[in-house]
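The data blocks that follow each hold one structure.
Both of the next two complexes hold chain A, though its partner changes from chain B to chain C.
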Partner chain A sequence: MDEKLKDDVLVCRCEEVTVADIKEAIKQGARDVTSIKLRTRAGMGLCQGRTCEALVQQILRQEIGVNPQEAGFSTPRTPQRPVTFGTLGGENFNE
Partner chain B sequence: MNKTYDVVVVGGGVIGTSCAYHLVKKGFSVALVEKDDIAKGTSSHCDGVALIVDKMPGIDAALGYASIKRFLELKEELRYDFELHQRGSLYVCETDEEMEIASKYANDLHKEGYRVSVLTPEQLQEKEPFLAKDLKGGIFSEECLGINPFKLCFAFVNEVKGKGLDVYAQTEVTNIKLNTDNAVEAVETTKGTIITKRVVNCCGCWAPEIGKMVGLNIPIEPRKGVILVSGASFPICKQKIQEFGYMVSKFGMECKRPPELEKYGVSFTIEPSAGNNVLVGSSRNFAGYGTNAEIEIINMIAKRACRFFPILKEMNCIRSYAGVRPFMEEHLPLITDVEEVPGYYIAAGHEGDGISMSPVTGQLISEIIVGEETCRDIEPFRFNRYKK
Partner chain C sequence: MKQCEMLVIGGGPAGLSAAIEAAEAGVQVVIIDANEKAGGQLFKQIHKFFGSSMHRAGTRGIDIGEELLQKCKDLNVEIWLNSLVIGVYDNNVVAVDVKKSLTEHELVKVQTKKIVIATGASENAVKFPGWTLPGVMGAGAAQTMANFHRVLPGKKVLMIGSGNVGLIVSYQLMQAGAEIVGIVEAQPNINGYAVHASKLTREGIPIYTGYTIIEAKGKERVNQAVIGKVNPDWSIVEGSEITLDVDTITIGAGLKPLIGMAYMGGCKLINDRFLGGWAPCHNYNMETTTKNIYVAGDASGVEEANTAIEEGKLCGVSIAESLGYLDSTKAEELKKAIWNRLAGLREGAHGTERTGAKQKQLEEYTKAMEG
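The block that comes next holds the complex of A and B.
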């Protein structure tokens, strides 16, 4: 993953975040995956960063030289994949 | 780093960034010192509303109201978009007993001049058609704002950074040096010493640590709250909706509630977010500084949410998160100087009202430091309340 991505490339499909948006967040002071997420919403959507996280790490490395360890990961949270509130509530909610 | 500033603000959450912004506006040079990054703690692990109808009548509501007014000014002042939306807010009641307490509460707020009204079950359905049909009614306030809490922090910083404000992120305060008069002289950090005569402790749950550095005992405890996020959808609610049990839980009111909910202070809340999700809460429990969202709490919140908002049964939850809130026994924050340590100030202890009260908190701190008349009576927020 060394190729430089063009500014208009979509990094996070769920929240429609581009390479340019990520670069702008870095300019504002973001230094890791979570800080990028707070500024751009990259990784906040349906897939929770499964697709974009590696790309965000790549851009962080290319732009300011942080390694993947410094870039960190998004905190893993329950549920690991989308599940209905009904199921999470643990009951058969059919009336 | 070996620099001199008029004021050092410790803590880059919503209270610290608001204080820094308002201090720069008064002409001070300010260093904002944050051990991680802006908005990395409580201010990005919370929800984002400013309400009247979750405050106690009296100073609590007055401070909340003043902040709502200030938010509307800030929308014009701050160029960074913090996603401010004017919405209403609703409290809904499950039992007649709750409805009785809620009506009295609404009446008290109304007497103080806030626009709060009591709604029948039919009026409730008109406002929010997806609410459960069997609710007993509710109370409504049109004065409610939705805010993106972390963008608000960025907005405060962005406006004055480089124009009086320097941000030192990933920088931890290790000691606060006092002179022979016990007054603030310097702030020592992992990246060097900052010379200053004034330091503002805006560390929320972590404020006690920064208090200890000058020998103060600040009685703040971390209280955890869990929130669930839905997948993006068409708008299922127009405003913040809470079950009245939230007030019961927040203020420890006398009212019968199911005991299993009381264990984790679980009560239903829902609010729309700018990303077309809804945020579903809530819980309150003391569990140290950890931010795990326990499955037991998630389960209870989801169950409670389906009871009040049945459409959620079929909707996806994509994430949970938890944050710690700076709890104080009195339900009133500290916004104060400290008599025994000249130059030491505290703005912390807002529990779940930090976002909502941040504008006025920052304004008050700047007025206290200038030494001018404050826009509100600050006596209830003073540190010397512990001496009485």
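The block that comes next holds the complex of A and C.
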């Protein structure tokens, strides 16, 4: 299979980030999951990296030999699951 | 703000077991579960478990699930269903998005003395051209569809991965009426137990060892899969490509612990490939480096339902002891018995690696607390 087809493969479905985008971020100096996320938005979507995190770690390993320890993970932040503003601050808010 | 003594995030085998053990001693427990029914993955485990009788061999996961739920009911353990923890905050406060109806949600804050993280694991993805097409899904997702929701995900299925999940799910999809076109395994040997694999080969299902998925083809959804033999350097052997007509590709490429809650709780995480990647380190009581936050089951490193149950019990006993519901002599006796059973469960295939990895978590905990 040619490289072009492989580079077009999506890594982060939520934010539509491809293999080529991740490789470009690595070229720009990204060395871990967080710096890839900051440059490409991979892992910033609805699933918060639950799907693409391992794929980004894999590309980092294949491209520049980053080990899992160095690659890190997609930093979990609040809210960890999608929640509407209405629910967050709504009249039913239970203090 | 709602108050409780012990809050369990996730009502799977680990969470339910933690709750039961603590509630039996008198602890007031609330379990938060994301689904419409608690039990985690147990209710799709329609097969009988392996191991010794002590470890419930010969019992089906669904029966263990019903049993645990009944015990929770008898012990007045509160279970919140359709409820999502959106974060763990200072002073043991947890925020929960509770679904009241299709359109109505309520955010409830709970202040608790003890937190048990029993969130389980998520499936690993594999990327190849076409992997985002409808019809390509996790093996665990396919199992949930078929065994829990009773919807057959497809009629012609290719399974990627020959670990126990890949093998068991293939067999169950076949029982549910799907044709298993084949099982693809990049390693030279079948990864899971031979007893599972031979059940499939007896049915004439081909297991392609040394093969990988190259591409999923299709427009609206997947209708073909291309596989090929792999060279030692992971390139494809020229001319080895096989095109298979499929409507579903299921991926059984392992699991990784869900670490979101532990990270937010400030727990120290370490990476170990034998436990699925990043997971919190913990002590003999399953308490993480953050005081009052405990972890059990796949969230503390991917293993299986039996170890999850035992780790959950450890949390329950330790918490009951810490809150003064169990005297330390009795608690120590119970914990010792549980650790012995865990040691038994961690024997056998891949057991040495898992035992070593779990040992490392205990050591890293000690280092972190001393440092």
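By our rule, the second predicted complex is superposed on the first by the 85 of 95 C-alpha atoms of A that agree within 3 Å, B and C clash if a C-alpha of one lies under 4 Å from a C-alpha of the other, contacts with A are read in each partner's own complex, and residues count from 1 in each chain.
Everything that follows uses one rule, which is that contacts are C-beta pairs under 8 Å (C-beta built on N, C-alpha and C of every residue); 3 or more make two chains touch, one makes a residue touch a chain.
Everything quoted here is computed from the prediction, not taken from an experiment.
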Fit or clash between chain C and chain B when superposed on chain A: fit
Which superposed partner A:Gly90 touches (first chain B, second chain C, both, neither): both
Touched partner set for A:Thr34, first chain B, second chain C, both or neither: first
Which superposed partner A:Val19 touches (first chain B, second chain C, both, neither): second
Superposition-derived comparison: chain B or chain C, residues of chain A touched: C
First, second, both or neither for A:Leu46, with chain B first and chain C second: first
Chain B versus chain C as contact partner of A:Ile64, first or second or both or neither: neither
Touched partner set for A:Thr78, first chain B, second chain C, both or neither: both
Angle at chain A between chain B and chain C, C-alpha centres, nearest 10 degrees: 130
Chain C versus chain B - closest C-alpha approach in the superposed model, Å: 6
Common interface positions of chain A, toward chain B and toward chain C: 48, 75, 77-79, 83-84, 86, 88, 90, 93
Of all residues in chain A, those that touch chain C in their complex: 1, 5-6, 8-11, 13, 19, 48, 50-55, 58, 68-69, 73, 75-81, 83-84, 86-88, 90, 92-95
Residue numbers on chain B that touch chain A, as the complex places them: 37-40, 44, 150, 154, 158, 167, 169-170, 228, 230-232, 275, 280, 293, 295, 298-299, 302-306, 310, 312-321
Residue ranges of chain A touching chain B (in the complex, touch as defined): 15, 28-32, 34-35, 38-39, 41, 44-46, 48, 75, 77-79, 82-86, 88-91, 93
Complex contact set, residues of chain C against chain A: 1-2, 34, 84-87, 89, 95, 97, 104-109, 122, 124-125, 127-129, 131-132, 214-215, 236, 256, 258-261, 263-264, 269, 271, 273, 277-278
